[in-house]
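The first chain written gets the first letter, and so on, giving A, B and C; residue counts start at 1 in each chain.
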Amino acid sequence: MSTAIGLYGVSFAYDTEEEGQAYALKDVSFEIEKGSFVAVVGHNGSGKSTLARLLNGLLIPTVGRVKVFGYDTCDEDTIYEIRRRVGMVFQNPDNQMVASVVEDDIAFGPENLGVEREEIIRRVDNALASVGMSDYRKSTPFRMSGGQKQRIAIAGALALCPEVLVLDESTAMLDPKGRAEVMGVVRRLNREQGITVIHITHYMEETLDCDRVIVMDGGSVALDGTPSEVFGRGEELKRYKISPPYVTWLADALARAGLDIDRAIYTREEMEESLCRLLSKD
Amino acid sequence: MRDVAFGQYYPVSSPIHRLDPRLKIVFTLLYVVTMFFVSSYTAYAVILIFLLALCGFSHIPPSAMFKSIKGIIILLILTSVLNLFFYGGETSVVWQWWIFKISPEAIDSALKLMLRLILLIMGTTMLTFTTGATELTDGIESLLKPLNLIKIPVRDLAIIMSIALRFIPILIDETDKITMAQKSRGADFDSGNIFKRAKALLPVLIPLFVGAFRKADELADALDARCYNASPKRTRMKKITFAVRDLIALIVFAALVAFVFLDKYLIGGADTYIVKLFNIIVEFFKGL
Amino acid sequence: MPIVVKGLSFAYSKGTPFEKKALDCVDVEISDGQFIGIMGHTGSGKSTFIQHLNGLIKVQSGEIDVDGIHLTSARRPKPDYKKLRSTVGMVFQYPEYQLFDETVIKDVAFGPKNLGLSKEEAFARAAEALRLVGLDPDEIGERAPFELSGGQKRRVAIAGVIAMRPKILILDEPTAGLDPYGKEQIMSLICRLKRECSPTVIVISHDMDEITRYADRLIVFSEGRVAFDMPMQELFKHGQELEAIGLELPSCVSIADNLRLKGIELGDDIVNMDGLAKAVVKAARERGIECGDIASVRWYGEEGE
């Protein structure tokens, strides 16, 4: 497997009025494999959003390097090579659409790249089909549900034919139904089209079937591993103000009451099995 | 109905709705100019018939078109009355009181002015009735394209227009929400003098502006992430095509404009002929 | 005095081709001291409903009685809106976006001032409200609201409503957009406000697992009607119907249901995590397994609020 994006000793500082420079990220290094599904979690202010904006050169590291398919984000000449490969979906669905008609909005990216007209139409068709919104081609996004708007935003990114999709808290403002819609679409894109997904979120439930979970705290990587590795570190998670799914809360409480339950359980099925095992013993 | 920013769009499907938006914009501009050359009641009648036919073809109830005058009714009455009493040209006064006087010429002039304004509004309304906001911007962009030659960034202007259109309904919605929130905190927007009321709006306006700037900030990131400014030769997905129905529309419209000008400069007002014709018919029936 | 809503119907853009029915003959009674959860997907009418309780939407048909204030479609007598708005406090979604004044204390005092209180009284109330939401008025009172952190801003916005001393507090998705820690804090704050100042609390929520931890009654809206309004134990027996209107059962209920299918009965009165944990402890003891008690299932411990 090859590397899609690599961060090498990345720090990012911004100017504040009172204290001079403040670091949002401190010495972060990791590589993201092509085709993987990586979740980045962390409480508000842990540096997640800064991280997202470093991945496609919207922000440039103060120290260190971010490399995307070999291109350095510092290099202004190749910045569009990076942005074309790293599609990005933001938090507020209303603040990232440029047109009042769905298809016009999706066409915006390829139009900027100077793609031929026929090819743009093909891309818009494909992008809409990929997010399951083909019927809404001529509609206006204004009265759509949050989940639908975010799917349109994903389609807008897909029209660039990206290899990586970065979701910057794209599910934070959605209701559970909308979240499920978006997560379904993103998982399918990862599985079927091999698109690398970097999903930044504070819903631990959405990280359960990821290949890898990176936990951010205070601008640094606090934990990095598979979901089961990360969820097993209950006390540390509490310290990083991260909350696992409710099932893990329950497992934690039962284990502390002295029952024979694995604290790292994070799916409903596992919980049911453990309770079955526990309570079948006569 | 906020899906359309101008609140005027009549969302039905019709041949007129499908006309090339550029053509409709040009027609509307020409229509406005032409209206100032209309000289006879016959021509006004022809234009009214044209507008009614337009309603028919665009599946818009004529009542909707007539309603568009409602907004200018005061202006209409005021200008007509002024024109009626203070007509400046040579007159054969039939009624006079203090500085007011009425003459047949004044009546004629006031009537024509009124007709002109009414038809002007109704005609231009048909453009917004049958053309969506996006189509309008597309049309304007396409028409302004030649300005690219003198280094005016037409595409950027078009994107600004498009973003503005997209955000108008969002901002209206936001205004509603903030107004409600402040009302529930006891804010009173409806009483007091004008200064008090203006001041009462601050709790709505400030969050609205702060919000708009936040939106603009996020939007800037979104534009960059989608490679805005990546290539000097941007392409367009939408191509406005000129169809047969556009040609037909062109011919019909040209005929209308031609009639107005012929009426004014060659025939010298068809009214006299119609009156003559009417007289002949009357004579004919008298003869029987 | 309770809230009584009878036959409330409402349509947006009434009498135009774009008319859209939002509420259809809604009957609801809410007695004092309840913690009500209101659920329903986007467009189910729940927001329109709560906006009626604050007089923000004029009644089209039906009637509402809030703490003795009568709201009907009749123009006269004009209801006492000032009194209504000091009785019913309403916290909108993302309330931090409605802050506007130069300092925190002035912003919070906006409501009390509108009630006609003197400047001193209003400021005293604002300081009290800030303390109630866990902020120190001396420390942040003179700061600009825009410099605060997201969580602080939301608290300030809630304080702005609390300062009007409402007996009924309505919050529209108070935890939307916050991280789990922030959510936990805001929910504990709401519980404390219920204890200390507003005995009746109505919360709109999308998160079954979250709302069942706090509410003692759920009202489910769908297509402008009250689809369900019954004790939660009863409600969660309608899993399929809930799913049909886009709501999932709380995970503790589905765990208990699935265990029942496997022959393990934990009781049918489980509505939240605490209930499930207690039922498991009880069942374990019945089977001779020793274990401690579980008071409540929490993740962050007591320092959450």
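Methods note: contacts are C-beta pairs under 8 Å (C-beta built on N, C-alpha and C of every residue); 3 or more make two chains touch, one makes a residue touch a chain.
Please read these numbers as outputs of a predicted model, since none were measured by experiment.
Fewest steps needed to get from chain A to chain B, stepping only to touching chains, is 1. In this assembly, the chain whose C-alpha centre lies farthest from chain C is B. In terms of C-beta pairs in contact, the better-connected of the chain pairs A-C and B-C is A-C.
Mean C-alpha positions place chain B and chain C at a centre distance of 47 Å. Measuring from the averaged C-alpha position of chain A to that of chain C gives a distance of 30 Å. Along chain B, no residue makes contact with two or more other chains. Contact residues on chain C toward chain A in their complex (touch as defined above): 41-42, 149-151, 176-182, 184, 206-209, 246, 248, 251-252, 254-255, 258-259, 262, 264, 273, 276-277, 280-281, 283-284, 287, 289-294, 297-301. Looking at the complex, you find that chain A touches chain B at residues 53, 56, 58, 80, 83-84, 87-88, 90-92, 94-101, 103-104, 107-117, 120-121, 124, 140, 142-143, 156-157, 160. Contacts from chain B toward chain A in the complex involve residues 2-3, 5, 133-134, 159, 162-163, 165-166, 169-170, 214-215, 218-219, 221-239. Residues 43-45, 145-146, 172-173, 175-177, 202-204, 238, 241-247, 249-250, 252-254, 256-260, 268, 271-272, 275-276, 278-282 of chain A are the ones touching chain C in the complex. Residues 1, 177-178, 180-188, 202-204, 206-207, 210-211 of chain B are the ones touching chain C in the complex.
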